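Several structures are given next for inspection.
In the two complexes that follow, subunit A is the common piece, with subunit B as its partner first and subunit C second.
Here is the complex of A and B:
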């Protein structure tokens, strides 16, 4: 009791209390609920039943692996595309643009103030059959690109567009942490531009790349809007399945099972990614 | 160095402008093969700019750099057969000691066995334990990191090795040790070393020749002995450390008058032909008390204070008219017995003074 009393009196405990309570109710609580529901009999809405693994068996034997596959594949593709697209921009912002980098930062961050759905509907107008791109091309050159919307590439486009800032900003920080003198030293020791990139810049900006990849990966894995708005019926992603299990099918235990599996997959991937690369060592803190 | 010292590296009329500011102004310099040459200057003297031009990280506004008779102005840093030890060492934090040392060889496409063999040889040359090969660079001490940086540069097998004040961040004792070690390694490898520093003392310990740089101009080039005993002007004389400097006017073949107090002093018969300039007398050649009594040049003053400098004791004496402060140094085991406020006589021999230009 004395220990608890001393704990409570510490300022750290008291200041952390509001956030702690909020996280307990808003984050840990629901996760525990989801985990508990995943062991309840199908289509039940209370937790008082006899636990069962029936839902897990039914999910594994059904074709949910397809939606898991799509979600994972699109997450990986989006991460790689974003690394390729944002690295040069991030490099420019960290090393070249100087005072203009602030303006670019604002321009890139500004759309985040607008709802994601509204921005995606903007893309619908662009990609739609007889929409802005298709219509303009028909009018100007007489050629039609009517099949752009409701395809997998359209979903990837949406994801790349929506999650670009989450890759870009960690990369800017990662790249600006590479000291110029190390690049000069490599150059002085005979390294070409590409060798400097491979031997010095890339490994030293790896923390930024990793953090950006992680953010984008997690966000795309759970994303729903892109596939619904830009993908239409093209594919079903796992977030779609989870949503319809909870809403349309009114089967909370099944939705819970899918959620638990998705969270587990994410955790495993994060664990291996971060175990393989020692962040402290990469940035030279150890 | 045996054989005739041939010109290895030559700078002709090197000038570097940054906007209106000229960082280097018409620098001419010749360095021989196997020489240990040190460029000394205060911060802002242009020494860093000069070394960056030599390594290929900056290009001169005008002038030519010749290496073994070939112009290398347009050769980029990664194509030049020269290498630099950086001020902050610029060791790669994500690589082991071995990987750092092997970097240049890896870039050059040397196979890993040869690389490792050479890296271990270099660790040995630099008196580093061989098990450092797999050590994390961030676990090495300051002195160890210095040696690793030098090993990494030597592994490149450069024609010339440049040093950009690599010892400046170390504590005094370690710096002294490494200065000597560097001189030893220079002798063992026979390479041409070009070193820059703001410390003339450091340059004296290591160098065959020294160039003094100030405000972008090379003021004097010479052996440590030349620089110490025959400084070309007041700047060089004062750069060595604390000296007594008196503005004087020539009043005879071997006589000058202190332009402030009117006191007259005898000059060395070898003194430069200068009408008015500065008389430089080093504190350690100054005499105080009884030993000053019979000096040709004498001044009466009041002992102001004394300072222990380790191996020596420094005395500050204020001349009777209060115009000048004089510094006198004596060996620590031969102190002057006097108290602050005592009247003392100080003096020096004419041949111990140097007459220099502005």
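Here is the complex of A and C:
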């Protein structure tokens, strides 16, 4: 009893309470509810039924693997593209730009404060038939590129665009943790530029690459707006399926099963993510 | 000699590439702003006729006013509540050493990395099971699940750089707990509080996936924009989009000016 009382009286615990209780009610609660609903008979709206694994069986046997497959595939493609695209920028921000790095950081973070809808709509205008890209090509060269919108590449473009900062910032932290002296040592020992990159920089900045990749992977896996706005009806992603199960189909148990699977994949990834990082170091730069 | 010239080329390429990425990031927003000034009903490029009539219509429209007030009310409430709660949350995150802190730091970040659309649907299920009718009030609750952890994280960065020695000195000089909070802790942490508040407001203002499922019959600006993009396009879409972009840019610039002014004021003292 005494130990519990002392534990509760810690100032840290007391200040953690408001946020902690709130998230318990608003975050843990709904997730537990989703888990419980996933074991209820199809198309029921109360929890009092006899638990069943019918929904899991029906989800596995139906064609949901297609939308899971698309979501996983697009997440992997987005992660790889973003590593290639952001690595040079991150390198510049960590090693080259100096005092300009702060300004560039702000410029890259600012779009996050604009609704992703609006930014994606900007791409609609760019990719549209007779839109900005197509229209300019017609005007300048008489060429027409009208089939760009509502395709899978358009969705990937949207994802790369929206989630770029989530890859870039962890990469910057990762690359700035590579000590300059190690590179110099490698150079003195006769390593070429490429060898230094492959043997020193890449392995040592791996934690940053890993954090960024996992973050982007989770976010793209559960994304909805990109495929709806830029993809039209091109493909169905898993978040679409979950949405229609809960809304149009009014089948809460099925939506819950799909959510549980998605959440499980995400949680496994988050678990590995958190095992790799020390938050005090990343946030506080101690 | 050879390698330093090579180094210069690599540097130049990186600078050019970064510039290209920045253009890539801002191009769609510029497109939206440009589209808002065209006269045609359906967007075509090159633009033949420019016009500002959609702005006039947007300012006159009553439904736009409703959308604005719904978004504004949600964002304001989210800002106030999240700043107060995250203040304590950040102290627990970064200031105090306590048993359970590492776990708390990780658990509190889970909602940030959680797929928002799924979270929104789970909350919809939660509200209907508890018998709560969804409206903009429930949207405030939903936004907080996602924004509270972010604001806590932002404030924590400030708290890490805060030296507890100041508080101890005040206690030694006979200050009460409340006095220390008001005279020492709050002023030192105020830059973090201000940036946390700005983030809270703008993230709530721009949020779409959580609003979509939890506002019930009420509608926010991002929801309205989405519904019009998917079906029933109107030229008001780029107009409202541009107004939102302009508003956000205005808030960010204004807060930079205020923070700079504040820093200078403190530096002089």
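What we mean here is this: the second predicted complex is superposed on the first by the 262 of 286 C-alpha atoms of A that agree within 3 Å, B and C clash if a C-alpha of one lies under 4 Å from a C-alpha of the other, contacts with A are read in each partner's own complex, and residues count from 1 in each chain.
What we mean here is this: a residue touches a chain if its C-beta (ideal position, glycine included) is under 8 Å from a C-beta of that chain, and two chains touch if they have at least 3 such contacts.
None of the values given here were measured: they were computed from a predicted structure.
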{"item": "First (subunit B), second (subunit C), both or neither touched by A:5", "value": "neither"}
{"item": "Which of subunit B and subunit C A:221 touches, first, second, both or neither", "value": "second"}
{"item": "Partner chain(s) touched by A:50 [first = subunit B, second = subunit C, both, neither]", "value": "neither"}
{"item": "First, second, both or neither for A:143, with subunit B first and subunit C second", "value": "neither"}
{"item": "Which partner reaches more residues of subunit A (counting touched residues only), subunit B or subunit C", "value": "C"}
{"item": "Touching partner for A:263 - first (subunit B), second (subunit C), both, neither", "value": "second"}
{"item": "Subunit B/subunit C common contact set on subunit A", "value": "283-286"}
{"item": "Of all residues in subunit B, those that touch subunit A in their complex", "value": "55-57, 76-79, 82-84, 86, 88, 90-94, 103-104, 106-108, 136-138, 152-153, 156"}
{"item": "Subunit A residues within the subunit B interface of the complex", "value": "179, 181-182, 184-192, 195, 199-200, 203-204, 281-286"}
{"item": "Parts of subunit A lying in touch with subunit C, wherever the complex brings them together", "value": "7, 10-20, 22-23, 26-27, 29-31, 33-34, 37, 47, 85-86, 88-89, 91-93, 96-97, 104, 107-108, 110-111, 113-126, 128, 130-132, 134-136, 139, 161, 164, 193, 215, 218-219, 221-225, 228-229, 239, 242-243, 246, 252, 255-256, 259, 262-263, 266, 270, 273-274, 279-280, 283-286"}
{"item": "List of subunit C residues in touch with subunit A within their complex", "value": "3, 6, 10-11, 13-15, 17-18, 21-22, 24-32, 35, 43-46, 85-86, 88-89, 91-102, 104-111, 113-119, 121-126, 129, 141-142, 144-145, 148-149, 152-153, 156-157, 160-161, 199, 202-203, 205-209, 213, 221-222, 225-226, 229-230, 237-238, 241, 244-245, 248-249, 252"}
